[in-house]
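Structures incoming, each one as C-alpha cells.
Each of the two complexes below includes subunit A, the first together with subunit B, the second together with subunit C.
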Partner chain A sequence: MNQSDPITIAVIQYPGTNCEYETASAVEAAGMSAEIFRWNRHPEELIRFDGYVLAGGFSYQDRVRAGAIAAKKQIIGTLIREAAIGKPVLGICNGAQILIESGLVPGNHPGHVEMSLASNAAAGWRGYFCDWVYLRCQEKGASGAFNLDFTPGEIIPMPVAHAEGRFVSSDPALLDRITQSDQIAFRYCDAEGRYQPSFPINPNGSFLNAAGIYNPEGNVLAFMPHPERAAWMRQIPLDLDGSLRTATLEHCRMPGPGLRFFTSMKRFISNRRTGR
Partner chain B sequence: MNTNRIVPISRHTHDESLRDLLKKLNIGMTPPEARKIVSILGRDPHIVELFIFDIEWSEHCSYKSSRSTLKKYLPTDAPNVILGPGEDSGIIRFTDALDGETYSIVIAHESHNHPSQVLPVEGAATGIGGIVRDVDCMGAHVCAVADGLRFGNPAGAQPARTRWIIRGVVDGIWQYGNAMGVPNLAGDVYFDDSFDDNCLVNVVSLGIVKTSRIIRSRVPTEARNEPYDLILAGKPTDSSGFGGVTFASDILDASQDDKRRGAVQVHDPFIKNILIMRKANRAVLDLAFERDIPIGMKDLGGGGLACASSEICSASGFGAEIDLDCVHTSMDDLPPEVIACGETQERFIFAVPRSFTREVLDIYNTVWELPAEANGAGARCIGRVLEEPIYRIRHHGEVVCEAPIEQITSGIRYERADCECRHEGMEPEGLPPDNLADALLSILGSLNGCSRLPIYRHYDTEVQGAAVLRPGEADAGVIAPLELTENCPAGIALSVDGNPNVGAIDPYWGGATAVAEAMRNVVATGAIPRALTDCLNYGNPENPSAFRQFVDGVRGIADAARQLSQLDLPDAPVAVVSGNVSFYNESAQGLAIKPSPIVACVGTMPDFARAMTIHFKNPGNRIILVGERRPELGGSAYYRIVRGVDGTKPLTVKWREERAAMAAVHTLISHGYACACHDISDGGFATALAEMCLSHRRTRLLGAHVVFTQPPIPADQFLFAETGGFILEIPPDHLKECTAILNASGGVWYDCGCVTETPELLIEIAQTARIHLPVQDMRLAWLRGLEEIV
Partner chain C sequence: MTSNITIITEMKTRDAIASSAFHCLVHDLAYNNRIVKLERRECWRIELDLPDLAARMELGRRLAEETKLFVNPNKHLYTVRTSPPESIIRTGASESSIVHVIVTEREDSAGKGALNQLRSLYRIDRHIDSISFGFLYTLIFAPGVADPMGLAAEIAQLTDRAHGLLCNPHSQMFEVF
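The block that comes next holds the complex of A and B.
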C-alpha cells in the first residue's frame, strides 16, 4: 500500500446505532476519510478499509444483552479477521459492548466471550447515567493504537452515557492478566487523577475504574466513554474543574481531547504502512 | 356493508338507551353527537365509521371546546413564521448557512398526561415517541427533546404511587429518547398535591430542516395528474393503544386504571431509530428530492391509520381508499376498527406516485430489512389517493366506511360556558422569620427548589454531538445543530416553563408569567426569543369555572407573546406556532389540577460560542441585579415553603419594563460584556444568586457578597419576590459599557456586589437583614432534595 493513499475508516451502523454521524465527523476531523457502513452490506466490502469504528447506540435495543445480537452478525466475522492482521478497531459505548460480546476484547480467543459489560452498579444511582467524568491515560505509556497521542498519565474530561458499562469477568485470573499486560487503556479518576472507586468518579463500578480495555495486541479497544463527544472544545462544559473552553468561536472549534483517539488511530495506521 | 356490524343508533330514540349502547361499545361521544353521524351519513353507521367519528370528534383531535378561544386570542404569525399551527409541527426561519441554504426550526409540543398516570414508563416513552414523529414528518432532522413534568407530592397522600409515577416517567423518557438518539436538552419539574391523581407529562421536540426541503402533511396536488399510492411504514399494527384518544378526552377515574391500560400505546425506540434517525425515512426523502418527486408524509398518532390517512388526503381536497387487508399486522384476525383506529406506535404514512412505490417499499423492507430485523415491521402499500373527496375503507372485500372525507376531518365545535372562579388565598400572618439564611436553605433543599440533577443525569444530553449548554449549566438548553455538518455557528436555545402556583392564584398571570419566564430563560443564554409553543393543561371544559381558567390562561399567553415581542422586531409577536390542549385533567372525585399552561420558547443566536452559563467565573467581577423587586409573592416558593401560605397577590409582568430588561441583557451578552447570567424566578433573587455559586461538577466553588442599602420593600420580600429579572456577572473593565446600556434601558438596576474567592454567600440588606452561608452547605441541601425520590 502506498503511504500517500488516503486512510479510510468504516463506521459501522447497525439498526439502533445512534452515534454514527458525529463519530464519522470526528474521524474526518482527524484527517481520515469516513464511510458509514450499514451492517447488512456485503462483508467483503469491509476489507478495503484501513480501520473500523463501532459507533455507540442501542443496536437491536440491547436485546438479550447490550451488543449480543450485533456481535452475531456476519460482519463481525470479517472484523475478527481484519483485526487479526493488525488493523485497528475502536468500539465506543455500544460498540465496546459489541467487541466484548464478540470476544475481540479482551481478545485472548476472538469469537469467544470472556467478559461482560454488566449493568452499572454504583451506590447512589440506578439505571442509565450520563455526565462528564475524568479519565487517566495508562501511566506506563500507550500499549495500543488509540492513545498514542496522549502523554502517559494524562487526565482528560469526557462524557459517559450508558446503563451497562461495568467491565466484569467471573475469572479473577483474567482480570489479573488484563491488568498485568497493560490492557487497561484509560481509568476513571477525579480531576486530580486519583482513582477513587466511588460514584460518580467511577460512574459504573467497573473493576480498577477501567473505562477502556485493549486486546493483548493493542489494536482493538473497547471503550465506554464517548471520544466523539469531546472531539471539539465547544463540547466541553464550562463548569468542569479546569475547563479550558473560552467564549470565542475560534477556540470552540479547536480539537478537544477526544479527537486524539482518532489522531492516534491515524498515526497507528500510518506507522503500520511504513512498517514501524 | 355487513349488517351485523351496523350500529342501530336511529333505533334508540331515548338518550338513556343510546348512552348505554355507546358506553357498551366504549364510544366516548354523546347521544346528540351520535345522531349527528346518522344525519351526515343518511343511515346508521358501521362500527368502524362510529369509531372514526368518535376519534375525529374527540376533544383530543378536534379541539372542539378550545378552538374558538385559541383562534380568537393567540398570535400565530410573524415575519419569521413559515408554518403556524395546523399541521404536525410549527416551523420558523432559523439561519442561512455557508452552503447558501436557508435552514428552519421545526417545533412541536404535546401532552401525554393520562397515559403516564396509569402506565408511567409506556406513557412517557410514547409521549417522546409521538412528538419526534411530528417533527420528523415535516422532513426535519430531530435534534432535541425537552419535557415539562408535573408530579404529585411524593410525601403527600399517596407517596408510593406518586414515586412509582415519578420513577416510571423518568425511566420512560430516558429509555425512549436515549435509545432513539435524541438529546434531552431542557425541561422543568414541579411537585404539588394537585397532581397526585393526574400527573402532567408534556413533551417538546425540535428539529432542523432545509427550508427548501420541508415536507407537508398533505397529498401533493400532482396527484390530480398521476395515480398516488398510500404507503404505511413502520411497526406492524397490533391492538395496543385502541381508544387512546377517547381516553385522553375523559376524566381520570383511578378505579378504571386497569381497563385504561389497554388504551396506552407500547413504545419501540429501536424501530423509531431505524425510521427516523437519518436512516430509512431520510433515504426516502433524499431520493424524492434528488428526483424531484413530490410526496406527502404524516405520522400516525391519535386515531391511528384512519386519522392520518383521512387528514393527509383531505388537507389538499383529495379522498382515499384504504384496504385494511394490506396493512401488516402482528396478530391475526384484528377487528377492522382496531386496524383502522388503533394507535400502534412507530408508524408513518406516505403519499407517493405509484411509479415510486416499489423503491420506497424496498428501502424499508430490503435495504433496512425491517421485517426480519424488527419483528415484522416494514412498509406496505395500503391504499390509494382518490380524486373525489370520499373516504372509503375496505376489509375482507367489504366496505366498512364510506363518507365525505371533509365530514370526517372537519370535526365539531362547541362554545363552552365560562364563569369566574376566585382563588381563596391568605397573606402570611405575623413577622417574617429572623433567620433568612435558614429560609434560603429550606428553599434550596425543597422539592421545587432543589437541583434536578437526579432526573436529567438519566438523559443523554450529548448524543449527536451538538450540545453547547446542558440542563444545569444555563437557564435554557443550547445546541449548535449545524456546526458539525455545515460549519455554521448559529445556536438554538430552548426552555420549557410554567409555574402552577401562579396559575392557581390567577390563571391569566399563570399564562403570562409562563411566557415571560420561558423568554427570560432564553434571553439569559444570549438568544433572542423567536417562537413559542404551548401545552394547555386544564380540568373539565364542561365545567364553566375550569373553562374560564383555560380562557384566561390563553389570554395571558397571547398578551405576553404580543407585548414582549421579538427583541429586534418590536411589532412582531413571538408567535405561538404549535401547541396542544389537554382537558379533563381531573380525578373522578372532581379534583382538578392547578391550571397549568406549559410554555416552550425557542430562541436563536448567531454565535453559539457566546452562549452564557449561570455560574460565576472570576472573583472580583461585579454582580448586577436587573429589574425591580415587587411585593407580589402569591404562589412564591418563600410563601409556600417558609410562610406556609399561598398568598393572594399573584406574580405579574410589567410588559414595558420586562421587555426593556430583556433587551438590555441581550445587548450586554451579545457584546461579550457579561460572563454569567441567570434569570430570577422560583425562590427570587436570593435563590438565583445562590444558584450562581452552585454547580454539581465544580469542586472549586466561588462565593458572592452583595449589599443593598435602601431596598424599596421589606427585606424578606426583596430577597424572595419572584418578579422577573436577571443577575449578571460583569468584569470590572466592562462596567462602564454595562452602566450605559442599563441606564439607557430605563429600568431599575443595582450594582450590588462582587464574586468572591471565599466560597460563602453573604447578602446584607441595610441594617435589617443578613444571610451568610457557606456555599458547601447550600450545595448539600440543593443536591439532596430529590435523593431517594427519583
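The block that comes next holds the complex of A and C.
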C-alpha cells in the first residue's frame, strides 16, 4: 500500500440502516473514498478497505434489542479481525450499539460483551430523544483515531437521536478502568463545557456523561451522536447557545465539527501507512 | 394484602421479532439442530391491593380493554392471568422441551411509564401498587435435547458475540422457568 493510494472506507449498510448516504458523503468530504457495503456481501471483501463506518439507523428494526442481531452477522467477525490489526472502525448511533453488542467496545476483555447501551433514563427524561447537545473532547488530548483533529477539551455541538444511548455496565470496576485508561472520547456537557448529569445536558443518563467510548487501542469508537449531521456549519442551528450564535452566511459554508471525525480518521490512516 | 395479575399480549399476525430471533439462533448461532420454534409475548405484571380474585380479573380486563397502554386491539390478543404464565403454549411439543424465558430491564421504564400514565391520564390509581414489564420468550426445543433449561439460559444470557442473545445482562435480567 502506497501513501498515494486513495483511502477507501466501507460504510456498512444493514437492513434498517438509514444514515449510510450522508455518512458516505461526510467520508468523501473529508477526502476519502466511500463505498456503501451491504451486510450480506462476502465478508472477505471487506479486507481491501482502509477503515469502516457502521452507520446509524435501526438495523433489523432494533428487534430483540438495538444492535443485537446485527452484531451476530459474519461481517462483524471480519470487522473484529480488521480492527485487531489496527484499522479504524467508527460506529455511529445504531453502529455504536452494534459495536457494544459485539464486544468490540470497550474491548478490555476482547470477545466479551462488557457493556450495554440501555434505554435512555436521565433524571427527568425517559425514552426517545432527538435534539442538539454539546460534547466536550478529551481534556488530555486525543487518544484515538477519531479525535485527532480536535483540540483538548474542545466543546462542539452535535445532534443526538436515539432511545437506547445510555452506556452502562454491571461491572463497576470496568467503568473505573474505562475512565482511568482515558477511553471516554467525548462527554455530554453544557455550552460552557460543564459536565452535568441531568437531562438535557446528559440526554440519556449515560455514566460520566459518556457520549463516545474507545477500545483500549483507540482505533474503534462507539459514538452515539451523529457527526455526519454536523459535517457542515449550515447543518447547525444558529439559535444554539454558545459561540455559534454569531454565525454568518460565510460561516455556514464552512466545515462543521462533525467533519473532523472523518478528517481525523483520514489522518489516522495516513499515519498508519507511514508508520507514525 | 398484595396480589398480582399478569396481562399477556401476543401478536395476531406473525411476530417479526420472534422470527428474527429464531432466524438468528438457527443461522448465526448454530442452534439449528436443537431449537424448533421460538414464540414471544409481552408481559405486564401488575401488583394489586385487591384480594378478591373476581375483582382482580375484572380490573385486568378493564386495564386491557379500557386503556390504550397494554393492548392494541388491532394487533394484539390478550389474556389476564392470576398466576405465572407457564402453560400458555398451544403447540403439541412435549412439555419437557418447552422452556420460558422472561427478560426484564434493570431500570423498567416501560412499567414505570405505564403506572404514571394510568395515574395521570386515566386517573386509575386505586388498588395498583406497581407495574413491571417483560418480554416472555418461549423456546421449543427438539425432542430429546439435553438439559433444555440450561440451553435456554445459554441462549438467553449474552456473554460474547457467539453466545447468548435475548438478555444483555448489563442492562437486563432474565429468569428461566
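Methods note: the second predicted complex is superposed on the first by the 266 of 276 C-alpha atoms of A that agree within 3 Å, B and C clash if a C-alpha of one lies under 4 Å from a C-alpha of the other, contacts with A are read in each partner's own complex, and residues count from 1 in each chain.
The rule we apply is simple: a contact is a pair of C-beta atoms (placed from the backbone, for glycine too) under 8 Å apart; a residue touches a chain by one contact, two chains touch by 3 or more.
Note that the structure is a prediction, hence the values are computed from the model and not measured.
Once the two complexes are overlaid on the shared chain, A:S102 sits against subunit C while remaining clear of subunit B. Of the two partner chains, neither subunit B nor subunit C is touched by A:E82. Contacts of A:D50 after superposition: neither subunit B nor subunit C is touched. In the superposition on chain A, contact of A:V168 is made with subunit C only, not with subunit B. By the document's definition of touching, both partners, subunit B and subunit C, reach A:Q61.
Of the two partner chains, subunit B is the only one touched by A:Y128; subunit C is not. In the overlay built on the shared chain, the residue A:H112 is in contact with subunit C alone; subunit B does not reach it.
Once both structures are placed on chain A, subunit A residues 60-61, 127 are touched by subunit B and, in the other complex, by subunit C. Those residues of subunit A that touch subunit C in the shared complex are 60-61, 63-65, 68-69, 71-74, 76-77, 80, 101-103, 111-121, 126-127, 166, 168-171. Of all residues in subunit B, those touching subunit A in their complex are 171, 174-175, 178-181, 268-270, 273-274, 277-279, 367-369, 373-374, 457-470, 473, 480, 483-485, 489, 607-610, 613, 615, 672, 675, 695, 697-700. Within the complex formed with subunit B, the residues of subunit A that make contact are 15-19, 21-22, 25-26, 38, 40, 56-58, 60-62, 125, 127-132, 159, 161, 191, 226, 228-229, 231, 234-235, 237-241, 247-249, 251-252.
Partner subunit A is touched in their complex by these residues of subunit C: 16-17, 20-21, 24, 28-29, 105-107, 109, 112-113, 158-161, 164-166, 168-172.
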